[in-house]
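Order of writing sets the chain letters: A, B, C and D. Residues in each chain are counted from 1.
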Amino acid sequence: MNVKLRRNLLRVALCLIAVAGGFLLSLVGMYHSIILDNSEFSSAGAVLPPLEGLRVLSEAEPVEMSPDDRILVSTKGPSTTLVFEITSPETQQSREISYTLHMGFKKQFFLSVPAIVGGGKNPFLVE
Amino acid sequence: MKQKYSFKGALISNLVPIVFLAFAAFAVPMSGLSIQYLLEEMITRLARDSLLVLSLIIPVLAGMGLNFGMVLGAMAGQIGLVLVVDWGIGGMPALLVAALVGTPISIGLGYFCGYILNLAKGREMVTSYIIGFFMNGAYQFLLLYCMGSIIPISNPELLLSRGYGIRNSMDLPNIRQVLDRLVSVNIFGMNIPIVTFAVIAAFCVFIVWFKGTKIGQDMRAVGRNRAVANGAGIPVEKTRIMAIIISTLIACYGQIVSLQNLGTINTYNSHEQVGIFSIAALLVGGATAENASIVNVFLGVFLFHLMFVVSPMAGKNLLGDAQLGEYFRVFVSYGIIAVSLLLHAWKKRHEMLERRLLENSVKE
Amino acid sequence: MTNGKPLLSMKGIQKDFLENRVLEDINLDLAQGEILGLVGENGAGKTTLMNILFGMPVIQQTGGYKGTITLDGEEVHFSNPNDALMAGIGMVHQEFFLIPDFSATENIFLNREVTRYSFLVEIFGERLRTLDRAAMNERVVQLIKELGVDINPDTLVSEMPVSYKQFTEIAREIDRAKIKILVVDEPTAVLTETEAEALLTVLRRLAAKGVGIIFISHRLHEILDICDRIVVLRDGKLIRDVPSRQSDVKSIASWMVGHDVGDFVFQPKQGCGEKESFLSIEHLKVLMPGEAVKDVCLQVRKGEILGIGGLAGQGKLGIANGVMGLFHAEGSVTLGGKSLKLNSPLDAFRAGMAFISEDRRGIGLLLTQSIGLNIAFPLMQVKGGLLKKIAGLFTWEDEKKIREITTKYIERLDIKCTGPDQVVMELSGGNQQKVCVAKVLALSPQILFASEPTRGIDIGAKHLVLSVLKEINEQEGTTIIMTSSELGELRSICDRIAIVSEGKVAGVLPAEAPVEDFGLLMLGE
Amino acid sequence: MKNEDRKPKGRVGEFIANFGWPRIIIAIFLLLLFVIAPFIGIDIGTSLSDMLVRVGMNGILVLAMVPMIQSGCGLNFGLPLGIIAGLVGAVTSMEQNWQGLFGFGMALLLAIPLAVVLGIIYGYFINMAKGDEMMIGTYVGFSIVAFMSMMWLRLPYKNPLLVWGFSGTGLRTTISLNGFWMKVLDNFLAIRIGAHFFFPTGSFIFFALCCVLVWAFFKTKTGIAMSAVGSNPQFARAHGVSVDRMRIISVVISTVLGAVGMVVYEQSYGFIQLYMGPLYMAFPAVAAILLGGATINSATISNVVIGTFLFQGILTMTPSVINGMLKTDMAEVIRILVSNGMILYALTRKGKGMPK
C-alpha cells in the first residue's frame, strides 16, 4: 500500500462522502407541499364524511378547516408530523390524532384528512 | 541599500484609489444620500462582492494578469443554483449543494481556461476576456436548449413558455439572504451578516495560507520570472493551470454568496457584469496586473461600489438627469480599467528603461 | 591539494556543429580541491565544453558528442542540467539565474524549499506542504557564514549589489547538492576590484573544502593568482595544459591568440588612403546591454578598412550600434567635418553610413517578407529610390526596378534561391547574410559598418562576403569598419585593427603587428 | 527549421495548412446551410441577397482591422472609437436635414476629421501600452462609448426627428434614417433579378473602392514601412523608420475606416443606434477578418473579403436554416461560438513571426 495508492483511495472516499453528503443535504433541505382535503372520502365500501371543528397543527401556526375545504401546508426536511385536533360541536371535547408523513425526495402530496382520522391505511388521494 | 521611499513613487502607484477618494469626497455630499444609508449599502455590497474580487488574486500572483475567465466560475455557481432551485432545496443546504454541484464544473472550466491561456502566453488578459465570451455562448446553449429538453427540469415555472430553456430571470425561493440572516448583529441600526463575512474571512485566510505553501511559492516564482522558475524545475504549465482552477472555484462560491444576497438571478447576464465590475473594483483598490493584495480587494470593493451607488444620485442633483448618472458610472467603471492599464504599462516601460540605465552606469 | 584519483576526467571529447568541428580530442582532468583556469578566445569552444559537461539540451539537439566523462571514477552521461546537478556539478552563470523580486533565501531554495507536512497533503498532494521559512533562513545564514560573506537572508535580490547576487548564486549551487565541482563563468567581469577579491577568497575557501573549481575568465592576472593549473583552448583544440607557476601573462596571451593568419590572405593595400581622419568618434558612450561602451575615441581614415576586435562583452559591438543610433549613445561623432546627430538611424543613413548588423535574424532581416523587399527596403525608405509616381498623386513601389536590382544582386552575390519573391526565412544562413550585404550595397554608402559579417555561415559564403567587402573598398572607395571576434579574419582583410577592452579602445595596431600584442591588448594588460 | 504544427503532406496539405482547419470547417458548414436551405422551403434568392447586403454593410468595418494588424498593433478592439466618429458625423448631417447622397457624403465628411483626432489620441495610448494594445483598445473603446452616451443626452441637437419627444433634449436611442439617406448606396444601380434577388451594387462599389485605396496605401513608401514595423519593429527602427509614428498612422487609418464603415453600415441598416448600441461592434469585425485567414500581425485585403463573406454568410443562413430545421432560434448561440471561437483560435496560434 504505497503512499500514492493510499492517497488515491482517500481521495475517492472523500468524493463518495461528498456525493452522499450532497444527497443528505438535499434531503434535509428539501421543501415539500402537502395538500390536505377535508371532503367526503370513500374507499373499500366505507364512506367517511367530512369532519367538523377541525384544526390542523403543523410547524406553521394552526389552521381551521371547514368541511369540503382544502389547504396547502409547506414543510421542510425528510419527514413531518401533522396533528389534527377535532372538537365535536356538541360535547366541546377535542381529541387529537397525530400522523407522521415520510416525504423523502417526493415534492407533492395530496392527503384526505377524514381518511387519516378514520385510521385508513391509504390516505393518499393521488399517488 | 533600501529602496528610498519616494513620495512621488507612492503617489503614482496608488493614483487610482486616490482619484477615487477625491471623487467620493466630492460626489457623496452632492448625492444627498445619508451616511447611514451609504454605510448600510456598502456593508451589503462588501458582503456580496468581496469573494468574487478575491478570486482574482491568485492568477495575478501567478503572473497571468487580471483573469476575465472568472466569469466561468460565476457560470458554474449559477448552474448549481438553478439545479438546486429546480430540486426544491432551500436554506443553508441549498447553498452547500449548489457549491457541491458547482465545484466539479468549475474545476473542468478552470482547467479548460488555464490550458488555453497557456497557449496564449503574453496575451493572457485579452484571451481570458474572449474565453469569457465564448463560454457564455456555451452556457446559453446549455441553459436555453439543453435544460428542460435533455437535462430534466421538473419545476415548470423555471422553464420558458416553449417548454424547455431556463427563464431569463428567476427568484431563489427559501434561499434569499439565508447566509446573511444566519447570524446577523445589529449595530446602531445596521444589521451586519456575520456568517457571510466569516466565510469571506475564511477565504482570505486560505489565500494567505496558500501563499505559504509550496505550490503558492511556485506560483509566485512562475509569476515573477517564468524562465528561471522553469530552469529550477518548476512545472510552469501545470502551476498556471492550477492557479486558474483555484480562481474559478473561488469565483463559483463567490457568485453563490452574491446571488444568495441578491435573491434573484438574471440567468443570462448577471455573470457577464461580474467579470467587468470585479476587475474594475480590484483596480480601484490600487492593484495592478502584476501584484494585487487582499487590501486592494476590500478597499476596491468599498470605493467602487460607493461610486456605483452615489453617481446616479449625484448626476441627478448636479445635472438634473439620473440617466446621466447611470451612464457616468458605466463610464467610470470602464474608464478606471483603461486608465490603470495605461498607467501601469507606462510605469513598467519607464522602470525598465531606468533599470537599464542604472545597470550600465553602475559598472562605471 | 591534488590526491591520486582525478575527481573529473574528460577523455577524447569531440563535437561537430553543422559542417565545422567545434571541439577536437579534448582531454581534461580535475582533482579534488583543485582550481583549474580555462582560458580561450570567444568561439574557442569553452562554452560548448561546459555545455557538454552539464548535458545542456542544445548539445543533444545538435547531434550529441563523442568521448567519455568520468566523475569519481564512474562514467556519467547527463541528458539535462538537473542530472548534472544531482551528480554534484554546479554552475554560476554570467547573467544571473535569479528572480529579482525574491529574497536571497527564496532564490537559494527555489523549488527545493524546506517544507512541513500537513494532513491536507494526503488529499491534495505534496505541493500543499507549507514552507518552513525559519529553517530555510537558518540554513542560509550558515551557508553565508561558510562563504565568509554577510548577506541578510531577507533582502530582495533586486536591491543587492552585483557581487551579493553572485554570492547568492554560489550559495544556491553549493547547497543544491553535495557539490563536487563548481564551474564559474567569467564571474569578475561585472565586479569591481574589491568585490572580485572577495569572490576569489570565497573560491579559495571552497577549494580548501575539497570542491573542484573550473574558473573561466579573461583576466589573466586573476587566473594566475588563484588557479593551480591553466588550460588554453583555441579553435576547439587543447593547446596548453600547464601549472600556473610555469606560465606568465605574455605566454598565455600568445597561446590564446597565436594562430596562423586567416585562410584568405589579401595582399595588403599600398599606402592605405589619405592620412587625415574622415570619421572621428570622441568619448562615445553606448548603453547596449552586454556590450556597453564606456569612453571610445577612434579616428577612421577615408578609404581604409578598420577592424574592431576584442573579447565578447567588452563593448566592440556597441560602437557600430551606438553610431547607427540603435542603442542610446552619448558623445560626439563627426563625419567629414559635419557632426552627426546621435540616436537617429535616419540621420546616420542620410550621412552616407550603412550597417550590417550582427543580429542577422533580429535586426538584419524581415524574415517573413520576400528577398526583393528586404533588399529594396533601405534604399526606398532612406533615399526614396525604387519608387514611381502614380498620376502625380502618390508614390508607389516600382516593382520593375525592384525586380531588376534584386536579380542583379542575386547574380553578383550568387544567392541560392528560387527567385526574388522567395521568403527570406526559407534561405540558409549564408544566403541570408548575402541578402543583408546586398541590402547595404544597394545604398552604396560612404561608410559601412559590418558587425560579425561572417559569423555562423558556411566557408563559401564567408569568402564571398569578405571579397565583396574588399571589392567595394577598393573600387568604390567605401570606408569599411568591420567588427569581428575572429582576430585571424580581421588581420587578413583590415589595414588597421583597434582592440576594445572594458568599453574603451585599448590600442590600435597595424594588421601586420605580432599576434601577442593583440592578445595582450585584448586582455587589457 | 522545424515547423511547429505537423504539416499534412502534398499540395492539399499545403492548402489546408495555409487555410487552417477551423476556416475549412466553417466554410463547409456554410455550404451545407446553402444546400439544406431549399429542402426546408427557404428561398435561396432572398438568403443570398440578404447575405450580399450584409457583406456590403459590414465590409468596411472589417477592412478597418487591416492597418493596425499590419503595423503590429494587434486586433483593433478599439473600433468603437471610429464608430463613434461615424455616429457623430451621421447625426450632425441629419441635424441639418441633408438628404440622399449629399446627406450621406456630408456624414462622411463630418465623421473623418473627428476620426483622425480620436485616432491620434488612441494611437498615443497604444504606444504607451506596447504589449497590452488589445486590452487598452477594448477599454478605451468601452469608455468612449459610455462617455458619448452621456454626451448624446447633453449635445445641443434640436431636430425634432432626432430628439426625444417629451423633453426636447437628448437624442433618441434609435433614429430612423428614413427620409434621409436610408439605403442610398444599396439602391444605387441596384440589380434586381426575379422577385427575390437583389444586388446592392452601390455598397459593393464603395466597399471595393475602399479596398483598393487600402491596397494602394500598402504599396506606398509609408505603407511598406508600416508593414515592416508590423513584421519586425527592430528592423524598421534600424532602417530609419519611426516605429511610433507608423503605429499612430495605422491607428488613425483604422479609426477613419471605422468611421466610414459605420456610416455605410447605418445607411444599409436603416437605423442609427446610439448610447450603448456600438459597445460590442468590434467583435464581429475582428472575428470576420480572422475567419478570412488573418493572423495577429499580418492581414491582407483577401482576408477581409473572404472573412466578411464567410462570417456574414453564417449570420444570415443560421437563423433561417437552423430555425427551419430544429424549430429553435439557435442563431445567436452559434454566432457567439463561431465569432469568439475564431478569435480564440487566432490568439492561441503560433503562426510565423508571432509575438511571443
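Simple rule for what comes next: a residue touches a chain if its C-beta (ideal position, glycine included) is under 8 Å from a C-beta of that chain, and two chains touch if they have at least 3 such contacts.
Note that the structure is predicted; figures quoted are calculated from it, not measured.
Looking at A-B and A-C side by side, the one with more C-beta contacts is A-B. Taking the mean of each chain's C-alpha atoms as its centre, the chain lying closest to the overall protein C-alpha centroid is B.
Subunit A and subunit B have CA centres that are 43 Å apart.
Taking each chain's centre as the mean of its C-alpha atoms, subunit A lies 85 Å from subunit C.
A separation of 31 Å divides the Cα centre of subunit B from that of subunit D. Computed from the mean C-alpha positions, the centre of subunit A lies at a distance of 62 Å from the centre of subunit D. In subunit C, no position touches at least two other chains. For subunit D, the set of residues touching two or more other chains is empty. On the side of subunit A, the complex with subunit B involves touching residues 18, 21-22, 25-26, 28-32, 76, 107.
Those residues of subunit B whose C-beta lies close enough to touch subunit A in the complex are 84, 87-94, 96-97, 100-101, 154, 173-174. The part of subunit B that touches subunit D in the complex is made up of residues 116, 119-123, 125-127, 129-131, 133-134, 136-138, 140-141, 144-145, 319, 321, 323-324, 327-328, 330-331, 334-335, 337-338, 341-342, 345-346, 349. Per the touch definition, subunit B reaches subunit C in the complex via residues 1-3, 209, 212-215, 217-218, 220-221, 224-225, 228-229, 231-234, 356-357, 359-360, 362-364.
Residue ranges on subunit D touching subunit B, taken from their complex, read 77, 125, 128-132, 134-136, 138-140, 142-143, 146-147, 149-150, 153-154, 170, 275-276, 283, 328, 330, 332-333, 335-337, 340-341, 343-344, 347-348, 355-356.
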